[in-house]
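First chain written, first letter: the chains are A, B and C, and each begins at residue 1.
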Amino acid sequence: MIARAAGLAVLVAAIAAFPLFMGSYPVKLLQEILIFGLFAMSLDLLMGYTGMVSFGHSTFFGIGAYVAALALVKSPGLTSALLLPAAVAAVGALVIGYFSIRVSGVYFIMLTLAFSQMFYAVAFQNAFLGAEDGLVGIPRPTVAGWSIGSLGRFHAYLIAIEGLLALFLWRVTRSPFGHVLRGIHENEARMQAVGYPVRRYKLAAFVIAGTVAGIAGALYTQFQGSVSPDAFFWTTSGQALLMVIIGGTGTLGGAMLGAAAFILLQSLVSSYTERWMLILGVTFVLLVLFAPGGIVGTLRGRVGLRA
Amino acid sequence: MSEAPLLALDRLSRHFGALAAVNGVTLSIAPRERRAIIGPNGAGKTTLFNLITGHLAPSAGRVLLGGETVGGLAPHAIARRGLSRSFQRNNLFPRLTVLENLRLAAAADGKGSWSLLGGASRLGPSLARARETADAVGLAGRLEEAAGALSYGEQRQLEVGLALATRPRILLLDEPTAGMSPEETARMTRMLEGLPREVTLLIIEHDMDVVGSLADRVTVLHYGEVLTEGSFDHVKADPRVYEVYLGSA
Amino acid sequence: MPTDLFAQALNGLSYGVLLFLLSVGLTLIFGMLDVVNLAHGSFYMLGAYAGLALIAATGNFWLSLALAPVAVGIIGAAVERSCLRPLYRRGPLDQVLLTFGLIYVFEDLVKWIWGGRIRSIPTPDLFSGSVTLLGATIPSYRVFVIGFGLVMALALWLLIERTRLGAIIRAGVFDAEMSAGMGINVSRVFTLVFAFGAALAGLSGVIAGPIQSAYPPMGASILIPALIVVAVGGLGSLKGSLAGSLVIGQAETFGKAWLPGASMLIIYVVMAAILLFRPQGFFGRALK
């Protein structure tokens, strides 16, 4: 236990200190990993812990991204950067979740996908949202009088938020609420029969996951300085799914590992060969077939695609 | 009977198209009573349970729990009102430990389950109740095993345990000894006999020895209707009951 | 105006035919295996590229039209046996996720072999002109596509409803466990249905070739309309596939022409509404 905590502390310190000893390209890669890792972790709460496989998680990522973009241009502060995107994403998750949770399995997959495509359609065809090209020139916020435009300051800001949210998600999974979610994943019908209002719990999980995804989206807008309809596109949801499964569903940390694997594959491998998509796809297929626990699951010796 | 019935069914019916799976069943169960429901396969016993627990909505008639009409309520709402049920086929949480299985059931009524940030300490009360229930159903030595790794007989014990852990007023058991060997059946019967009398029991059973040991009264179901009702000896002596079982063989 | 309408309707019809051929396989695969095969768009893409390769090799469009689906069918059978069969006992969600991974694999393989640029596929000489129908001038190839589609719809209906093989498939779609109990080699039928569905998707891709050309992301982009068709028509229903693809084909075509700002949105709203309020679609079997 102590060893793991110490190891984690060292890792976090190394990540935080990254800009001190690495150039801007690796630092930006790390930042991208952290942002998508957060997105994937929120999906893992939904998929790995509650058992709800959503193909529309990009909906909330996109909502957060666009709200941040629109708000930061008007007033670049923390409210625009984080609070407003989180709030709007939460409301969106409440509404969409309320409807989506009425169906399950394959129908849930298709319905969540349909919702994300709806938002894609609106963003793509709407001039106010920048249509196909999206919005550019988004400024980074000013926090407590400090502008966090520079690489180092943005890094500190990102680490702080990521740390808080990762800790929050971790606490949730270990809480009584998290135990209920796991029970629902294992046997939803019995949870109902025993007295849990299962739908309410699922909706709560959906809203929490959607809110965190929205914050990840907002962070991405601040990272890039721009936003495009691709944030809503179903392949963005698919990427998150890939990341969760590669890292290991139901492990939270696995989602971050999966994000690292995906992004490193995409950027590093592609400098040696153009075939990163093929490698990723084959790796994923092999994982699903032979090592469904993902990286973390295999290390722990687990069987079964979902925790 | 001087007390109001704990569970009452009033002309309860359920149709599937033209088929009446349950047809105008009326019965009352007093508090602390132990009632067995018997009948050949297809008599509608499990359907009756599903109607009582809210898994199926009635086509006609009422279900009254403690005088309150509960027919058509969602299963979790009915469970919250003190009615708990075990299943004919094991319906457990296979990858969770026996202790966690029972704890989840024990925690089902508490508001504590909405705690998002509380840690392990918040699980205390439900853990204590889970251990008590494990003792009651004879699984005290198996708490750290995954439910899926238990023997079939132990799984049936856990199956009853899950229903018991919610501290119900009335416990519905659907063929608790299904598929058990004679030794396992005897163990289960002793366990059920040892349950506190405050818990009213309604048991679907095929094994007449179990019925004889446990039941105060027996209701016989046939083609979804009540054929007869009375003490075990009274029902055993009724020639119609004998015919009904023979005829369906 | 009416001639414009008619021309648009014919465009919508030919697009609907492509969707139909694509969605039939998808809906049968779901009905039988409970799998939403997200790699179905990839089979469409493979069909187009197989057509491209065969035309380059033989110079004959019709030969390619006949052979390309066979090639795709074989690939489909291989996928089913190697990747999906081991997952049957693990449940449909794992299979769905695996097919998603296959999208990446196939798209990149195609990019590797043929490059990422758009490759055009020549229209067959027989239909390279245009015809004038009711005052509207349209490429005669589109008329061919429509005619071919209707013939295929009839042929498929006959196959599914009137032959013993079709009866076996229908039984499997209805209840695979029961069929196995009746002595039908269910796993072989699964492979057959999957391969057949893939072949139909490939057929759609070859036919689409002269209209849409071939480019690697074409599979991923037609997957969504196909999913919408299947959701609206009803998962598992051939009739639903036909009805759904005709409706969606017209809706998308006219939507783009009349309501360019909202056409995409409306289609997805329809899909969501169906999934919520009538998840079995218009013709699918009622859910338990």
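The criterion applied here is as follows: a contact is a pair of C-beta atoms (placed from the backbone, for glycine too) under 8 Å apart; a residue touches a chain by one contact, two chains touch by 3 or more.
As the structure is a prediction and not an experimental result, all values here were calculated from the model.
Trainee: Chains in contact with chain A and with chain B: which ones?
Mentor: Both chain A and chain B are touched by no common chain, going by the contact rule given at the top.
Trainee: Which chain has its C-alpha centroid at the greatest distance from the C-alpha centroid of chain A?
Mentor: Max centre-to-centre separation from chain A belongs to B.
Trainee: Hey, which chain is the most central one here, using CA centres?
Mentor: It is chain A that sits nearest the middle.
Trainee: Round to the nearest whole Å and give the separation of the Cα centres of chain A and chain B.
Mentor: Their C-alpha centroids are separated by 43 Å.
Trainee: Measure off the straight-line distance from the CA centroid of chain A to the CA centroid of chain C, and report it in whole Å.
Mentor: 32
Trainee: Report, in whole Å, the distance between the mean C-alpha point of chain B and the mean C-alpha point of chain C.
Mentor: Their C-alpha centroids are separated by 49 Å.
Trainee: Mind pulling the chain A residues that touch 2 or more other chains?
Mentor: Correct list: 304.
Trainee: Give the residues of chain B touching no fewer than two other chains, as numbers and ranges.
Mentor: none
Trainee: Along chain C, where are the residues that touch chain A in the complex?
Mentor: These residues of chain C touch chain A: 30, 34, 36, 83, 86-87, 90, 92-94, 96-98, 100-109, 111-112, 220, 224, 227-228, 231, 235, 260-265, 267-269, 271-272, 275-276, 279.
Trainee: List the residues on chain A that touch chain C in their complex, please.
Mentor: Counting only chain A, the residues touching chain C are 53, 99, 102-103, 105-107, 109-111, 113-115, 117-118, 120-122, 124-126, 234-235, 238, 241-242, 245, 274-275, 277-278, 280-282, 284-285, 288-289, 292, 304-306.
Trainee: In the complex of these two chains, what residues of chain B are touching chain A?
Mentor: 53, 55, 74-77, 79-80, 84-85, 87, 91-96, 100, 103-105, 107-109, 112-120, 122-123, 162-163, 165-166
Trainee: Spell out the part of chain A that touches chain B in their complex, as residue ranges.
Mentor: That would be residues 168, 171-172, 174-177, 179-180, 182-183, 186-187, 189-198, 204, 208, 304 of chain A.
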